[in-house]
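Each in structure tokens, the structures are laid out below.
Here chain A shows up in two complexes: once beside chain B, once beside chain C.
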Partner chain A sequence: MFDVIQPGLETSIQDYPGRIGFWNQGFPPSGPMDSWSFRLANLLVGNPVGAAGLEAQYMGPTLKFSRDGVIAICGADMQAKLDGQPAPLWESIAVKSGQTLAMSAAKQGVRAYIAFAGGIDTPPWLGSRSTFHKAGVGGMEGHALKPGQSIPVAAGQGAAGAGTAGRKVKPEARPRFPSDKTWSIEVVAGPNDDWIDEAGQQRFLSSDWKLSAKSDRTGFRLDGPQWTFTEKAYKKAPENGAEPSNIIDHGYPLGAINLAGQTPIILVNDGPSMGGFINPYTVPSAAFWKLGQSKPGDIYRFKAISVDEAQAQRLALNAICQNSNIV
Partner chain B sequence: MAERIETMVPGNVWKVLVKPGDKVSPGDVLFILEVMKTEVPHTSEQGGTVKAVHIVEAQEGVDAGMLAVEID
Partner chain C sequence: MIYERPRYLPGGDRYMLIEFGNEMNLELNFKAQGLAAAIQQSGNGGVIETAPCFASMLIHYDPDKIGFKDLTKEMQSLIDALGPSDDIELDSRLFYFPTCYLDPWTKAAVDDYCAKITKKKWDPEYVAELNGLADVQQLVRVHSGTEYWVAALGFWPGLPFMMALDPRCVLTAPKYNPPRTWTPQGTVGMGGASTAIYPVATPGGYQIFARIPVPIWDTEKRFPEFSQSICLFRPGDRVKFVPVGVEEFEHVEAQVKDGSYVYNVVDYQRFSVRNYQKWVKSLNKSDRF
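After this line comes the complex of A and B, so read on.
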């Protein structure tokens, strides 16, 4: 159990893989944007990889513990301090009842994950504790943390479940954030790549795309060159809509690069499940951690891969998020 | 005692509420950044007289840790 002194910027309870199975009813998976760091944090404290923890964004929270326990912080460096003493990243830490964990601005990366031995124990909704604030469901009362809230943490089961301090993630198993603000992001073509002409596809894959500050857990908005289209985008029934990027409402894949007029928006964890724009490319789940750790003004360069390669990358990431990488 | 207020997050400048010469009290909001469609207010800890403002409203793509306002 811990109390929220300062909530930080939209700090929310998330679990992994989130609220799966309700996309057809409009409910996105939610869950941590950087599930790599999130899963490692859980492993450090002896939890299953999916146990509910906190996702802090840009500005971390200040929390006061009301029970002894073990925690771990992974992901962005928010200069965490436990009662004024620097608290390490990628390592499990013993905390005492009455101690305060204070986090500040992210120096490297954007999102930090805090795992608690036993896991956060708020009531699940549709099988998940992940917060989806647009519908006001999951997490703590459906929204980001607020000052004064007491967050329940389950008691860990057995010796391992209570957590052990001083466990570390092997350096080679940690995600690396680029120092030059430039990220290589994998994409899979489709579902609507046939609406973009050859020049437009070349331009997409060879240009620098800048991440806008108007990006959140719903969508990541990108600034870059103009798009050009095939005849399909113009010679279509009027019910598709007037813009070349309009199409009769259809389902969106998670990670879709959704083309709203000329603005591409990557639909991420809390994104919409359907709408009337085309999605020429899709970012596979294994690349989501990079989206979650990039800042406004950072540059994305997209790299086309096949569905098989995307699935292999997902399996490779799953293989990293294992106890064998905790020492 | 001089105070230097730096941006806490990267993002866009939503509102600048002070100009050089203004007197501010501890806790006064000096400017508001926008990131993730969320407002991030920045306040003065000590108060004093605004000496310089290094950001303008609607400025896009400011970085975190940038000197924004100086107070004497």
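After this line comes the complex of A and C, so read on.
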């Protein structure tokens, strides 16, 4: 159990993989943007990888503990301090009732994850505790944390569940954030890559794309060169819509690079399930952590990989998020 | 056109989009919904969830359980087993909604758009003109003259994408450019050949000309219709808009508020594509109400 003194910037309760199974009703999965850091934080405190924890963005929260316990912080460095003393990242920490954890602005990366031994125990909604702010569901009263709230944490089961302080993530198992604000992001062609002409595809893969400030947990907008299209984008039934990037409304994959007019928007965890724009490329799940840790102004360079490669990377990331990487 | 063989398109490492065709045609949606039902019945462990839409279906699958190629094969054999879409029969509820056409609330949203963003013709006048109707009164007659088929839910939780089942009532409308920044909750609007109801006040791009006082999503689950889900609709439901005046709208709105409203829903029918097609063939499609 802890109390929210300062909420930070839209700090929210998330679990992994989130609210799955309601895409056909329009509910996004939500869940942590960087599930790599999130899962490791849970393992550090003895939780299953998916247990509910906090996602802090840009500016972390200040929390006061009302029970002894064990926590861990992974992901962006928000210069966390426990009662004024620096609290390490990538390591489980013992906290005492009455102590205060204060986090500030993210120095490197954007999102920090705080796991609590036992896991946050707000009522699940449609099978998940993840917050979907836009619709006001899940999490704590449907929204980001607010000052004065008391957040329940479940009692861990057994000795391991209560958490052990001083456990660390092996350095080689931690995500590495680039120092030059430039990210190489994998993409898989499709579902609608055949709407983009050869030159357009080349341009997409060889250009620098700048992450726009108009980005949030629903979509990441990118600024970059113009798109050019194949005949398919022009010679189509009128119900597709008039613009070249319009298509008959269809389901959107999570991670789709959704082309609204000329603006590509990567649809992320709280994104729309359906709509009338083409998706020439899709960011596979193993690259999502990079989206979660990049900030407006950062540069994306896209690298095309196959479906098989994307699935192999997913397995490789799952293999990293294991107890064998906690020492 | 309707493709002879559906197209299986990858969406990253865990999604597949199955495209049945590249036009808006009820038959394609029947196929998408038929496949969604077949996947559920087959108990395919590799499929996590599906999202059928107008002419396609998105599948979210677990790559630990099935690869893209094997999933393609399995989906093709399920589609082959579906047979002609004429044979498809689906459970289908029918919802009646009191609907205030040409209402003051959507008009206020359009006026605000004209004042702040860009000037445009009042939506019902615009849609009536584009579809060769005599006036906005005929738009009301034509739009409310049919049952609507809930082809898909999406964009916003619980938002129904619907198509007119009666070909004499098919209308089309372009989308707003740029989009509207707000739309009243319960607004009924059109874009392309699709009609939608806005579950909550959101931005939007459809031409708007009516409003219902009945919630189609309810996080508090105040009505029994929401006991299974906070979204009222399921794909395959039908909707009938019943024109009412402002007074009746406000009466129902008050009933919703005090919890005494009873949803008018018919829940014993199965929708037979064969019977439907037979009926459509008997109609003169150029007739308008």
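One rule holds for everything that comes next: the second predicted complex is superposed on the first by the 327 of 327 C-alpha atoms of A that agree within 3 Å, B and C clash if a C-alpha of one lies under 4 Å from a C-alpha of the other, contacts with A are read in each partner's own complex, and residues count from 1 in each chain.
Here, a residue touches a chain if its C-beta (ideal position, glycine included) is under 8 Å from a C-beta of that chain, and two chains touch if they have at least 3 such contacts.
Remember, predicted model here, so these are calculated numbers, not experimental data.
Look at A:Asn47: by the touch rule set out above, it reaches neither chain B nor chain C. Residue contacts after overlaying the shared chain place A:Lys236 against chain C, while chain B stays out of touching range. Between chain B and chain C, it is C that contacts the larger number of residues in chain A. In the superposed model, A:Arg314 makes contact with chain C only, not with chain B. Of the two partner chains, chain C is the only one that A:Gly255 touches; chain B does not reach it.
With both structures placed on the common chain, the touch criterion links A:Thr282 to chain C but leaves chain B unconnected.
Once chain A of one complex is fitted onto chain A of the other, the partner contacts of A:Met59 are limited to chain B, with no touch recorded for chain C.
Note for the complex: chain C touches chain A at residues 9-15, 17, 19, 22-24, 36, 48-58, 60, 63-64, 67-68, 152-159, 161, 172, 174-175, 191-194, 200, 219, 229-231, 235. Within the complex formed with chain A, the chain B residues making contact are 8-12, 34-38, 40, 60-61, 63-65.
Against chain B, in their complex, chain A makes its touches with residues 9-10, 57-59, 104-107, 210, 213-217, 295-297. For chain A in complex with chain C, the touching residues are 20-27, 126, 135-137, 142, 188-192, 236-242, 248-256, 272-276, 279, 282-286, 307-308, 310-311, 313-315.
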